[in-house]
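Next come the structures, one after another.
Same chain, two partners: chain A is paired with chain B first, then with chain C.
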Partner chain A sequence: MLRYTIRRLGASALVMILITMITFAIVQLAPGGPAILLDEQLSQQDRDDIRANLGLDKPLPVQYYRWAKALLTGDLGNSYMEREPVSHLLAQRLPNTLILAGAALLLAVAVGIPAGILSAARTHSWWDYSFTFLSVLGISIPTFWFGILLIILCSVNLGLLPSAGMYTLGAGNQVGDLLLHMVMPALVLALSPLAEIARYTRSSMLNVIKLDYIRTARAKGVVEYRVLFRHALKNALIPVVTVIGLLLPHLVGGSVIIEKIFAWPGMGRLAADAAFKRDYPVVMGITVVIALVVVAGNLTTDLLYGCLNPRIRWE
Partner chain B sequence: MRIRAFLASLVVVGIAVSGCGSGKPSAPGTGGGDGGAKSGGRVVMPLIADPGTMSPLMASSTAEVILARILFNGLTRLDADTFAPAPMLATTWEQSQDGLSWLFHLRDGVKWHDGQPFTAEDVKFSMDTVLDPKWKSSVGKNFASVKSTDVIDKLTVKFVMKQPFPAFPTYLANRFQVAPKHLLEGKDIANDTEFNKKKPVGTGAFKLAEYVPGDHLTLVANPDFFLGKPKLDTVIFKVLPDANTQIAQLKTGELDVVQLEPFNIPSVEGTKNVRLETGYKSKWWALHLNNDFPLFTDKKVRQAVAYAINRDELVKSVLLGHGQPAASPIVPLIDWAHNPNVKPYPYDPARAKALLKEAGWEDHDGDGIIDKDGKKFTFKLQVIKGNPTAEQTSAILQQEFKALGMDVSMEAYEFGTWVQEVRDTRSGPKMSQAYVVWMTPEPEPDGIYAYFHSSNAEKGSDFNVFRNQEVDKLLDEARTSADQGKRKQDYFRIQEILQDEAARHFLFYPEDIFAVKSNLKGIKVSEPYQYINDWYYQ
Partner chain C sequence: MNQAVQLANAAPEPRVESLWRQRWKRFRRNRLALIAGAVLLLLHLVVLLGPSLYHASPEAVAPLNALKSSSGAHWLGTDELGRDTMARLLYGGRISLAVGFAAMAISVGLGTIVGATAGYFGGIVDMVQMRLTDALMSLPTIFLLLVILTVFKGGLVTVMVVIGITSWMGVARLVRSEMLQSKEHEFVEAAVALGAGQLRVLRKHVLPSAYSSIIVAATLGIARAILVESALSYLGLGIQPPTASLGNMLTNAQTYLWTAPVQALWPGLLILLAVLCFNFLGDGLRDALDPRMKR
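The block that comes next holds the complex of A and B.
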């Protein structure tokens, strides 16, 4: 197990380096430069000065080396637009994104897995068909459209939920208030992961249910819910855990549009703004965070896999 | 007395309850209306993005400029109806005989939000700072003609100019807000987070109480404001980047004021307790043809394009009637300098065809596309992605040009890319060709200098590379002349030349449109933020 863990850790570090290298290159090679250089009044001399100030006049490998060296000391650099350390900006925004992503993940797992099990247990029932239909819908509905639709329905027409933001202005930061504000964005964010988790749970359960040991369990008269939850679920969960691991980056990084529509003061919006304004340090800072989440997510999945399925450890 | 206190506490509880949890329309804290103007209440407005800085000395983005105009004040502000400079931190000002210096007399008794007195030292410090190349402030570029700023006494300041600049008080109104010397001297002006992000201290009608990045800014009334305590108690800016969300929040009553694009009007119409306020600014939309692009070097071709545009139709279908066809870069509101004899080109496709024929462009080979010397009339309309007005206008123009036998394609660019690869690439094989975009010159005829003087053709705002010696000469003369009659003559002539040359194809003057709570009054659309102290609930 130890060797397996070390090997996985090494691979993760390598992936991190590659991700940051590639992103660094892509961001810098994208057409259009930092927004601070877009002022039409700047002369070429001004532009060159600014570029030199920011270190953008150096060759790309040198720039990457400097950035990576600073990163190792915990310095992510300064935002061009906000004129603040990137770490400050991340500290402000990351918790908000994590709250939303956590709620969405919880929702997706808590609803998705039981729904998948139920679908598998009652294959080809009306429940199965309607859930299949809803899942396909959930995967294919564009989030920006669904988000606006929800706002119009729940806030504008019914007046049930606050339309955007994290807290009601001037009401203090109450947990209940936060939960109300979170309902719609978390639902929209959870929709597609929920559908995917449900689909994977269903097919994985169906595979397991066909196996001999389940027939044996049933033959010896074990009650159905014990068959499903004790015997079948444990094995059926392995691919589902993988899927959840793969969904993590979607939840943390993929909430750009949702954060914009619901005015959620999170990292996704910061990422989008920074990308449009070519605020390189911010883009890189966010990349590091998201890459860390992805890599950590995959690592956890791999290790959990090892726990759930002892055979994998000896590979 | 006891009953009043009880009632007051009921109101407070009412506000607290309505502000809690539910997203239902919350009363703006004013209670029911009894018809008259009342003091108090709060206004909630959207801000499209976080301000990168709240220092007026470094402001450049829309959000930053809005905040600078509320938290801080200029020496002057523009009269919202005539765009003439009116007193603000300065009460009177005069230009010297030779036009080479300006004397500004400052208002007595003005205090910064921290209680310190405002003096001429602050004005000098602020002007010196924005002109200091070290800070690369985008404010300073409007004041390149200022040679030095001298403090005469505590309440008098003298600007020494490199050359006469009669438009100076107008430029000061919009582009220059004074910052406190006692808090900023010796600081890193560009990066001083304490002042720029947390505790900006101004002289304005409202002061910053709270800023939650990415969420909202709360501004509270400054009781010592020199024009009297503002009528509203609180102004809240919510950071709401999405226009659809802004409109939804207007409908739920969570927002009291929202600026709209014309295409959003239908979705707001019919909303209870919301009315539209409209007004003109110094703003026009134009089709920019790169005058150096081979197809467009010929004046006849440019004129043909001008006749091919149906401006009335654009106003009707793109602006939904909220605007008027444009003929000149000096908006009609600046009535002393706007030349009423210069009329928009009429929509006349036949005339356009005839002009193209005169220029040698005809469909010789019968493929439906006009050509000359074996070369086809082919160009690109280079559109900024995500701007519906630009997109719709370009699509209509494309049809109108195609009807003349031109081969016009549309290419969309994300904004930053557009700026670099289109707007600022004005020569060479990849030079810009044609695009539709809006311009907001200073509300002073000199504002057009940046857009038409050939010194701005390579860098600067002469985006379509218009070079004309006579226009250059007239612009220079009018800029430095203290004689209003002479200036008027010069600007009238400039507008005639621009019309004849079809230098830029002015399309329309758009109205600014605000959706506003019915009982919120006193908003001046042409200059909303510098008059925010006059907003009130009825």
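The block that comes next holds the complex of A and C.
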């Protein structure tokens, strides 16, 4: 287990280094370097001064080293548009994104796993076929359009749910109000992870149900729901845990679009707006932080997987 | 017994069917994939020929005629600037399909090159390329896209290239794993023994085993690329107005949900139809080309 842990840690660190390098390299590809993005009306002299000030006249490896060193101390640079440190902007927005992503993940797991078990238990039933169709539909529907349809239905026609933001203005920040605002965005964000989790649960359950120990349990006369939930589920869920880890990027990535539709003041919307305004320190900062969140999430799943799977624990 | 012999003799010689014929037979049995293929064919025809039959400019602005519902002159009504929604749908659909195919070609090309060289040569080539693939895969693609689009301005070609170069990783992994298996075949060893060069062996003997998986991945890749394009355009980072794309039509429509919700229906439906069909077609192809993968 110790060796496994060390190996996973090393791999995660390597991935982080590569991601910072890639992000850094892309911004360097800007014609004329990043400084040219600042303002198109600057004279050449101004530009040279800015480049010297920001250290952009130094060789690339030196620049990367400086940037990465600053990153390690939590300094992500300053936003061009907001004139504020990127880390401050992030500190305001990240919790909102995590609340939304957490709710969506909860929803996806709570609905996806039972749905998958049910369709594995009743293969080739009416439920199973409609489930398969729905899961393809779930990954084919453009999320932002699904969001817009929900707004038309729930806000425009029925007037049930608020269509934008996190809280009603001036109503104080009530939890109930937050939950109401969260229903639609969480549902839309959960859609594709839900479909994915359900599909994996189904196929994993089908693999386990074929095994001898399940037949033995049935032969002993154990009730069917006990066979499914007590005997089969334990083993079937092991691969599902990994999938949930792999869905983390989906959730965080999905938040970019979902936060835009529902005007949710989170990090995804901050990133999209910053990209639109070419505020590249913000985009770079967010990308690095997101990468960190995702890599940490994957590491946790890997370690959790190690704990759940005795074959790895024993190694 | 005599009868049995006669029967056996009378039975027609078993016809040996070619591999592709067997595959076509398997594919034909999948009703859903067949329908999806037909719908896609129709969709391409409509989008390609439509603009020359339906005479309305997708960009002609007529503010006095804004947000009208459907009529003889404007089949699906007009948007907030009085532009014809039907014409914009046709042109937007063209862009979506074009981006889908171009981005897919780039990502499949890149992915195949990376995956094939990594899998075939192994060693340090494999190590470096796969670590890079892992790193790129662990970052949500949308952020990679955001970083690139912060630096480069959106537009048709940019969007095609950017989606292509951010989505090859899955193909690379797939092709690599196929390579690892197929390079162990004896006919590969035979080709090497006969003195064929490395690249020739790779191209002519090892890579063909991966063709069916590549075709499937490409079909599903088109679906993905169409979705990503629409999302980028929705965010204002993809196809730039006034050029119509299904994504930026929805951005505009969202502003007028309370007055003209129907305008938000059509672009989304068209995206859904195209993506759904490519996904069903891809699933059908997978079952037909590679029975092992059948779920």
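Going forward, the second predicted complex is superposed on the first by the 285 of 315 C-alpha atoms of A that agree within 3 Å, B and C clash if a C-alpha of one lies under 4 Å from a C-alpha of the other, contacts with A are read in each partner's own complex, and residues count from 1 in each chain.
To be clear about the criterion, a contact is a pair of C-beta atoms (placed from the backbone, for glycine too) under 8 Å apart; a residue touches a chain by one contact, two chains touch by 3 or more.
This is a predicted model, so every value here is computed, not measured.
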Chain B and chain C placed together on chain A: clash or fit? clash
Figure out whether A:Ile244 sits in contact with chain B (first) or chain C (second), or with both, or with neither. neither
Inset, instruction - In the overlay, answer first, second, both or neither for which of chain B and chain C A:Ala101 touches. - result: neither
- Does the superposition put A:Thr287 against chain B (first), chain C (second), both, or neither? second
Kindly classify A:Gly253 by the partners it touches after superposition: chain B alone (first), chain C alone (second), both, or neither?
second
Check your understanding: Of the two partner chains, chain B (first) and chain C (second), which one does A:Ile148 touch, if any: first, second, both, or neither?
Key -> both
- Could you look at A:Gly165 and tell me whether it touches chain B, chain C, both or neither (first, second, both, neither)? first
**Message:** In the overlaid three-chain picture, which partner chain does A:Ile197 touch, first (chain B) or second (chain C), both, or neither?
**Reply:** neither
Exercise for the section: Look at A:Val15 in the shared chain and tell me whether it touches chain B only, chain C only, both, or neither; answer first, second, both or neither. Expected result: second
>> I'd like to know which partner A:Val86 touches here: chain B for first, chain C for second, both or neither.
In response: neither
Chain B and chain C footprints on chain A meet at residues 148, 151-152, 155-156, 163, 260-261, 276, 278
The chain C residues in contact with chain A across the complex are 131-132, 134-136, 138-144, 146-152, 223, 227, 230-231, 234-237, 247, 250, 253-254, 257-258, 261, 264, 267-268, 271-272, 275-276, 279-280, 283, 295
The residues of chain A that touch chain C in their complex are 11, 14-15, 18-19, 22-23, 26-27, 29-30, 37, 136-137, 139-146, 148-149, 151-152, 155-156, 163, 203, 249-250, 252-254, 256-257, 260-261, 271-272, 274-276, 278-280, 283-284, 286-287, 290-291, 294-295, 298
Within their complex, chain A touches chain B through residues 31-33, 35, 38-44, 46, 50, 78, 81-84, 89, 92-93, 96, 148, 151-152, 155-156, 159-171, 174, 176-177, 180, 260-263, 265-266, 269-270, 273, 276-278
Counting only contacts in the complex, chain B reaches chain A at residues 15-16, 19-25, 44, 49-50, 52-53, 60, 136, 138, 141, 190-191, 193, 196-197, 212-216, 218, 236, 238-242, 244-245, 248-249, 251-252, 254, 414-421, 423-424, 459-461, 463
